[in-house]
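Below are structures written as structure tokens.
Consider the two complexes below, in which chain A is the common component and chain B and chain C are the respective partners.
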Partner chain A sequence: MSKKVLVVDDDPDVRSFVVTVLEENRYTPLVACDGVEGLEMIQKEKPDLVILDVLMPRGSGIRLYRQLKTDDALKAVPVIMFTGIALRSFLKSQKALEEFKGEKVPEPDIYLEKPVEPQELVDAIKKKI
Partner chain B sequence: MPANKILIVDDEQVIVRLLSMSLKSDGYETFSAFSGEEALDVFKEHAPDIVVTDIKMPGMDGLELLKKIKELDPEKEVIIVTGHGDIDSTITALQFGASDFINKPVRDEALAIALDRAKTKISIREQLASYTHDLEEKVAEATREIRRKSNFQRLLIHSSHDAIVAFDQDWQIVVYNPEAAKIFEKKPGDVLGKMTIDELYTPELAQYFRKEAENKANDRDMPWQEMTLETRSKKKIPVRYATNVLHEKKEFMGIVNFFQDLTEIKRLEKELIQSERMAAVGQTVSGLAHYVKNILIGLKGGSYVVDVGLQNNNMEKLTTGWLTIKKNIKRVADLTQDMLTYSKERKPEAELCFPNEIVDEVVDLVTDFAASHNIHITKICDPELGEMVLDPRTIHRALLNLVNNAIEACLELEEENKKFVVEISTKKGDDGSAVFAVKDNGIGMDEETRTKLFTPMFSSKGGKGTGLGLLVTKKLVEEHGGTIDIDTSLGYGSVFTMRLPEQPGDSRNGNNKG
Partner chain C sequence: MKIKKLLFVTKFESLCYDALHSLLDLRKSGLEHVVFLNVIEREKVTMRRGKGYVKDDEVRLKEIANIRFIDWAENLFEMGMEVGAYIEVSSLIPKILEVVEKEKPDLIVIGRSQKGKIEQLYSRSDITELTRRSTVPILVFKHMTENKLVPAKIFERPLFATSWSNSSEKAVACLKELGNVIGEMHVMHVVDEKDLKTADTHVVQQVRKKERNRLDDLCAEFEEKGIAARPHVYVGDPETEILRAAQEYQASMIILGFSDRTALMERWMGSISRNIADKSLYPCLLFPVKK
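This part shows the complex of A and B:
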């Protein structure tokens, strides 16, 4: 059975791109448009991997990522951060959040900065599942 | 210091000893001498305050001693002891400056009284002296102070960073400091007291200050003003200047001019503007790069989807990919247009149009998108707002920008069950202008965002905003002679109100296209 990959992104262009890449590589794509929908989807569908945008309305990717990594049932799901934001800025905001909330979450498994070639994305997914 | 030292002189040693004993017991310090000559030596050595001397003595007598003492120190008190009825000697002694007389035989009370009188005299004299001394001191101090002040004033004028030139009532130059010399390029020695206003200033400038002097009845100085000063050597210097017309008892006394050379300041100002512009360019470039990167992401993704569609003969993929590409091409086109609008001056092209119809067009453009995000668009159009001469393109673009921002403001506020509404309303302003208001109940703005709204490339939307929308809107509206007002509250929403005055002078025969 093909593996399920969830893409959470508010940009329909990014969603259709990732979905196409997934289909072409025989994964089963699942989509969500924002953080809230994303969490529901993860709980319901138990995807094998999540491709997550950072800047989104309704619960940013950062929040969803933290929810995943602090939930014992979900923390094992590998996450690819897929965003237009430079890793540096992401880690900075992570650090600020850590200090604020007093809890530490591991850095994302893979961090991809948009735009990427389809093959880069596939390679990243293959590393994890 | 109280007078306390007494010299007693008599050839009869017994008397000297008796007096001395009695005075010592009264607390005096006493010295004795048994002749005029000896007395003089003791006097020189111990400088007693008071001398009590017998008048009749062998050798140097009392009168002679009195004379010598007064020569040495006229301040000393000499009390003469005379025999009864010796009027002649008494008068002579008085002439020589004796201070008192006591008769022989000397009684203690009489001596005490005489001594007291002498002491009072001494103390009065001392007070007087110290008073006089004080007075002299004070006068000296005052003189020094005055000198210091006038020096200070001279220094002040001399070292002032302002050029100071003052003229007396005959327009002769009486003050001319080094800064003034720098501006007018003439040595103080050649100017002070030698030139009049007409020789230092250009005829126009001289005339100007003469007028000022005539027009000004009181001494109130005029505020600082700026001008370009031309010197007689044809140098042009940007200056700030102030003038004081001086009067004394309503009589014209002269005039003082202060000039500040602004050359350096102007240069710094220019530099500052330049560097600010450079910083703005830097900000612009990085903001733009972000936005362009987002477009690139769309284009790359879209073309991949199209490729896949072509390979697999999949019409659905082809369509999705192509839509993505078209959407991003439009973003590039819009961005380019915004940048061009912002950088180029543009005259509004006014024509007869119906503002309310333009509102309809804009609403049609955004309703579907808004509805798909649960945002309700409403319009309240004032029927009074009929056909007007305005630039429909200005209205269209400005409104679209404001409405898009309003929608985005709703998207940004993460409140699950809020009913988001963007309301567009029009009305005829009191002055006949067209008034458009775009109201949203979205995220609103904090003070910082509020102040940065119109800075180029300021966007709170990361790579999703260009930060050009409001800038372009403002520019279009201002070119149209209109205004934009903002009312906002963080977490509750904003109202953008745009007023556009009808364009005068434009032909009313333009066709109504929008």
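This part shows the complex of A and C:
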């Protein structure tokens, strides 16, 4: 059975790009448009991998990432961050949130800054599943 | 009522990161989430004569907005804040209301109305339209100088003009939560000249004393919450006197409750809060009528 990959991104063009790459490589794509919908899909569908944008309506990828990594039932799901937000800013945000909330979460498995070539995305996915 | 989440509506021409930055003092009183909204008006991209739907323009405008928002969001994320963004081709007010419904912000921040006078007469200003239809307070942000410098701290010296109305009550409840943010607040009430029907100075002084006592009580409530507040009674045309007081006390912002006149009356006669929000040079924080 092909592996399920959830794409959480508010941009329909990006979703369509990632879904095409996934289908061409025989993964089963699932899609969500924002952080809230993303969490619901993860809980319901239990994907093998999540490809996650950061800047989205109704809950950013940063919030969703922290929700995943602090939930015992979900923390093992690998996450590829796929975003226009620079890694440096992402890491700084994690540091600020750690200080504020006292909760440390691991760095994402893979961080890809948009845009990427299809092969780069496929390579990243193959590293994780 | 705490301001934890704000919706920042920008067209980029008039409201940019410097404006948002001047609001970040609100973090001291609980602000943790900013949602950006950029509405690309339909007429900019759709159905141009001879061209039809201009998809390329839509993509280009969305990408420009996206690049700006990413830059702003990085700054906010680095502070540990939560950020969201919407970039939509739509009509401004319906889209704002739709996003308000989805995101449930505690404050909407918007630049001054861009509509012309004739257009406003028939279709109302964006601000009026929004205040009539929203139950969320609205901050009409303005650059207070011609060189477009943003006031560094707009909560430093606000002027709160109370009409003792239902919407003023809503304002009081919200302002009490901003003890860490507000510097010194001037609290005023304008006795309308039309209400002083007598030439008897004793009666006039009685009216002044009564209003002053009410203001004293209100200021005491604010002081209890850690906000330095000074009461002022003015007499005259409310719009003129509020602007006069703002100037006299070098207000950094004017805070007002919105009138509950009917839409039709307001369209033809105007309202104090609408006029001040639309025309004055001060940023205005407007509280809609409690529903």
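Everything that follows uses one rule, which is that the second predicted complex is superposed on the first by the 129 of 129 C-alpha atoms of A that agree within 3 Å, B and C clash if a C-alpha of one lies under 4 Å from a C-alpha of the other, contacts with A are read in each partner's own complex, and residues count from 1 in each chain.
Going forward, contacts are C-beta pairs under 8 Å (C-beta built on N, C-alpha and C of every residue); 3 or more make two chains touch, one makes a residue touch a chain.
Every value quoted in this text rests on a predicted model; they were computed, and no experiment measured them.
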### Query
So, A:Leu55: does it touch chain B (first), chain C (second), both, or neither?
both
### Message
Just to be sure I read the superposition right, which of the two partners does A:Ser2 touch: chain B = first, chain C = second, or both, or neither?
### Response
neither
### Message
Under the stated touch criterion, which partner chain does A:Val21 make contact with: chain B (first), chain C (second), both, or neither?
### Response
first
### Query
Regarding the shared-chain residue A:Pro118, is it in contact with chain B (first), chain C (second), both, or neither?
first
### Query
Which residues would you name on chain A as touching chain B in one complex and chain C in the other?
55, 57-59, 84-85
### Query
Considering the complex alone, what residue numbers of chain C touch chain A?
35, 66-67, 69-70, 73-75, 77-80, 82-86, 99, 102-103
### Query
Any idea which chain B residues touch chain A in the complex?
290, 293-294, 296-298, 300-302, 304-305, 308, 317, 320-321, 324, 327-328, 411-412, 414, 462-464
### chain A residues within the chain C interface of the complex
10, 34, 54-60, 62-63, 84-86, 89-90, 92-93, 96-97, 99-100
### Query
Which residues, counting only chain A, touch chain B once they are in their complex?
11-14, 16-18, 20-21, 23-24, 55, 57-59, 84-85, 114-115, 118
